[in-house]
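Heads up, there are several structures right after this.
Two complexes are shown next, each including subunit A; its partner changes from subunit B in the first to subunit C in the second.
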Partner chain A sequence: MAYTPQYYPGSSHVAVNRRKHMSGDVEKLRTVSDDDLVAALGHRAPGSDYPSTHPPLAEMGEPDCPVRQMVEPTPGAAAGDRVRYSQFTDSMYSAPSIPYFRSYYAAINFRGVDPGTLSGRQIVEARERDMEAQCKASIESEMTCPALAGLRGCTVHGHSLRLAEDGMMFDMLQRTHLEGGNVIEDKDQVGVPIDRKVNLGKPMSEAEAKKRTTIYRTDGVKYRSEEEVLDHVHLVHHRRTMYGYRPETAAETAPGVGPVTYHTV
Partner chain B sequence: MAYKYPSEKIFVEALKSKFAGLDLADQKVKYVRAGYLQNARKREFQAAGERVAEQRGMKQYDVNVHLGGMTLGQRQLVPYKLSTRPDIVEGDDLHYVNNPAMQQMWDDMKRTIIVGMDLAHETLEKRLGKEVTPESIAGYMEAVNHTMPGAAIVQEHMVETHPGLVDDCYVKMFTGDDELADEIDSQYVININDLFDKEGQNEKLKAAIGKTTWQAVHIPTIVVRCCDGGNTSRWSAMQIGMSFIAAYNMCAGEAAVADLAFAAKHAAAVQMAEMLPARRARSPNEPGGLSFGYCADMVQTLRVKPEDPVWYTLEVVACGTMLYDQIWLGSYMSGGVGFTQYATAAYTNDVLDDFTYYGYDYALNKYGPDGTAPNDLATATDLATEVTLNGMECYEDYPTLLEDHFGGSQRAGILAAASACTTGIATGNAQVALSAWYMSMYVHKEGWGRLGFFGYDLQDQCGATNVCSYQGDEGCCLELRGANYPNYAMNVGHQGEYAGFTGAAHAGAHDAYCCNPLVKVCFADPSLVFDFSYIRKEYAKGAMRTFRPAGERSLVIPAGV
Partner chain C sequence: MVTTTDSDPVQYEIFPQRMLDPSSAQEILNRLEQMEGVTRVLVQGPRLPLTVPYGPGKGAPVDHPDREVIRVGDQVMELQVKVGRIRLEAEHDVMEEIRALCEELFPFPFELKEGLFLRRKATVTDYAKYGPDETVEDKSIYGMTDPNMTPSSKVCESCVDTRE
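Right after this comes the complex of A and B.
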């Protein structure tokens, strides 16, 4: 995997953060133990073996297939893990990440992942141990503020709701709460209580969240002021339209659209 | 229209009603987690569920079942305000099952067919040598209004329907020929001159219809509640045939009757919606085959308020979202209840109204009067970008607004609809409006890094390619696209809006109709049960439990049931 660096327009720190997320160039801020992560995900008991759906590939006597010879299996695929998921909800109140950039991060920087992107949640499905590796990297990094983001398998709504008085994103199922200044998770992704308190660390301050965020907002970096990103959008619209009408003109610069430079990190 | 966007956001009053006593701009709130008891309708439902369980000896509705006992209502359950209306209602009252006005709107569409009279008159005159006069037409109208509800004619000792059960059924006629219209008994005529007396719409419609003569048939509501929409043409044609036999003293078995039946069923019949292909397998006059142009023509607000194209446009959106999202996609195609939430965002709390009037004001100042902005991508780009940015900023500045439209699909539909409606009115061109829709989706997605559910990654990301392309199976003018158009067939939160900005374009162009003048005239009829001029007002009446629908069975069931 050598897809870095990634390109994206815009000069604000929001645009820079977007490039960092895409490139996997994110800072690690906290440590969550493997057992704590497994408990929070809720797919298997901490310490138990990975359930499998087929024997290890090495024992299966695979057919003579050029694709299989070219593509090295991920550890989860090699072991025959089942496919499981992790799903994040990110608040629109300057949570560090946003669904599409979580997906870009996963798809660009990890193998064998299947990201799905919605407005209020972002899911990654993969072989179980591969999913856990991707999820652990996400949850330990600056992409995740434990107060403004959360692992939510169902009843995810909260991303667009007002924050609670203590700054936590609303969660109908109350999977997390503040305790001694730290965010504690005591229910798994689907709201089933777990037998431990997973310490996800301190919430980001409002200033830190705004510094690390990837969302444009009127109380942060105004989208309207990021002209290069808007020009990029206009160019995409022009090209997609013209490819269906007069393809030979689609590569031309759209009238009224300024130059777009795609920067690296 | 001279218009000035107000100094205070139009949706603020609705938010004040919904979030009484709270600072609308506060990003934080104390969550009381009061559960379902905070909401009168949920309490009513809980009590009703308990009664049902007691009566039938088997459990039914129980609000406490959710996820192992965590009751719904952990956040504030807020009511809804019908846009442009003072009425505050519960969200539950906007599910079509709970709202008889919504049901009647669809019933009135489904039970309608327009049938040309000229082919039948030619058959009678040229083949049978009979004379067709205004008097004979009036005689036919009398016969058909007797028999269309399900009464016997020609044959004796036949079973009939109870007139009180089918009192909503009738047939009227209309024509572009003033002279003929004047000579027919006025009780049977849809008067184009009176109903379309503003901005010369009557002359435009009469010119389009010419001297042709049509009958607007509305079969009984109770019939389409038992049968599918394909029955409308059959029920209608059977009664039309019998009425011609009676009115013109024909032999019931003569071959000309077959010609009359063929004309009524096929050759002269205008269905409200097309039949769907086998993979979706619906008859004519079912919502999946209703084109956006027809839907826009059914809504009559442009006739009564032509000076306000935004109002008309948003009434079409209200009509279309309820029909396409709540009934078609929400029930026919998927089942379930969630689709109501997508649709209500478009016709409640004055949000779409605010965003669209903002765009309308912007377009008037920048491009001049309705329908005069250039028909090009630059116009779509400019208007969609400005309207979308303004809307996103509103959601950011008013956290209660963002909470009200808590799903990205709701916001995406509203922002794109406002962009497209603005552009449609400004340019008078539905295709440019469609381009603005896609531009809005791109602007929205890139700014917030989120859009709607997966479907928004399908049709909203690839749809721009088919705005200008008219190649077969790829593109089509928006007026003739419909709910079953490729890529539109599975995605909630779009189709009603498409109908809306189809209407917007023709309102901007000051047309008298969008797609079919016959449909426009047919639904102007004040005798219809549902008033197609004021969609949201009718929904409010349904929600407030003051709307009286047709097709009720109280005449033939035990009292008090």
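Right after this comes the complex of A and C.
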């Protein structure tokens, strides 16, 4: 029987969503064209070639190295692309994803990406076409609600502010706005106006955002109500604190000892 | 320490669950302006810059639609912030009037608190901006200005920073 990793404990829909984000089994909700995405990222002109920092690997003649023979280069690395970034911000008001789970999603499901996790934003650095593939997958999936999350290369402080009356996350640089019920992006991720209107689709309703969120909140699924998650976090904390870099030597939590219960304060 | 007495004006803070659009802000500010006893009103929220202040896009125009010109009473002003909370001072207790007003105007929940939100005594910053307390005619200006405003906008003559 093939092993299926569980990725995250818990039984609530928040835990289920967290598992979905980590496993990459996310629903595609919208389509953003390649040119629109390139314009929104702002690293190169839509339709132009990828600038490169070195010749394609096939032309370079690599040294005789067993690791290089074992590891197939990503398309961006093989072509010699530049390293570029995409950065997402997710509102604390029940946005579908959060920086940690965007990073898990990128690191588990894509090769050659370097995710960076911060409190209010999540950045992915990679070769340009690899980054675009990862960014396109996350922006088109249920991980992103155009009103509650956004491509923001800078000024991400809207994630922790209250929403506007129309339900949009505050953005000092007004990269996105509601137009006819759809969220339109007319600036790139650092706030420079672009010559097109990128349609990101309809925002999620409040109920749908709460259904798809990965955030435990007191007005939604409470973290303290998730016993399995708390138990697991206690287990990791106990092993890490008591046994440092040798958690497998923890006698009281070894396989066969039986369940160990940690009591939530 | 600031002590309060029964004769002191009372202060309130309105904290709506959503940030207000310029039209909603104009509506509530006008209604507060007409309310008897209200002497000072201050709006607070995240700034709406004219240009991108930092990052790779620094200097690009923002054109934020919420940076609108609003009319409050007989005054016209440009909103420089997204209105997140409103602090006001009144000569007597108007808590219930404000609560009724907010319930009428806001389709979302809000918090209404009574407390000390606008200072009554001059600080060192106020001294630098306006001069000694005894020379300041209108003391209601204390606590009503942006602490980050540029020194050149209003500074006591003797305290002007000439280092530049």
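What we mean here is this: the second predicted complex is superposed on the first by the 239 of 265 C-alpha atoms of A that agree within 3 Å, B and C clash if a C-alpha of one lies under 4 Å from a C-alpha of the other, contacts with A are read in each partner's own complex, and residues count from 1 in each chain.
The working rule: contacts are C-beta pairs under 8 Å (C-beta built on N, C-alpha and C of every residue); 3 or more make two chains touch, one makes a residue touch a chain.
Since the model is a prediction, treat every value here as computed from it, not as a measurement.
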Request  = Based on the superposed arrangement around subunit A, label subunit B with subunit C as either clash or fit.
outcome  = clash
Inquiry  = If we overlay the two complexes on their shared chain A, which of subunit B and subunit C does A:H177 touch? Say first, second, both or neither.
reply    = second
Task = For A:D188, select first, second, both or neither according to whether it touches subunit B, subunit C, the two together, or no partner.
result = second
Request  = Answer with first, second, both or neither: which of subunit B and subunit C does A:H234 touch in the superposed model?
outcome  = first
Query = Looking at the overlay, what does A:T214 touch: subunit B (first), subunit C (second), both, or neither?
reply = first
Message = With both structures fitted on chain A, tell me whether subunit B or subunit C touches more of subunit A's residues.
response = B
Request  = State whether A:G153 touches subunit B only (first), subunit C only (second), both chains, or neither.
outcome  = second
Query = Taking the superposition as given, does A:S12 touch the first partner, subunit B, the second, subunit C, both, or neither?
reply = neither
Task = Check whether A:S52 is in contact with subunit B, with subunit C, with both or with neither, and answer first, second, both or neither.
result = neither
Key: subunit B versus subunit C as contact partner of A:Y223, first or second or both or neither   = first
Inquiry  = Applying the stated clash rule to the superposed structures, which of 95-103, 131-139 or 149-157 from subunit C runs into subunit B?
reply    = 149-157
Query = Which residues of subunit A are in contact with subunit B in one complex and with subunit C in the other?
reply = 154-155, 157, 161-165, 170, 172-174, 191
Query = Which residues of subunit C touch subunit A in their complex?
reply = 16-21, 24, 46-49, 52-57, 60-66, 82, 84, 108
Ask   = What part of subunit A is in contact with subunit B in the complex they form?
value = 18, 92-93, 97-101, 116-120, 154-155, 157, 159-165, 167, 170, 172-174, 191, 214-219, 223-224, 229-230, 232-234, 236-238, 240-245, 254-257
Inquiry  = Quick check on the complex: what are the subunit A residues that touch subunit C?
reply    = 153-155, 157-158, 161-166, 170, 172-174, 177, 188, 190-193
In the complex, subunit B residues that touch subunit A = 26-31, 67-68, 70, 74-75, 377-378, 381-382, 385, 389, 392-393, 396-397, 399-400, 402-403, 405-409, 411-412, 435, 438-439, 442-443, 445-454, 457, 461-462, 464-469, 474-475
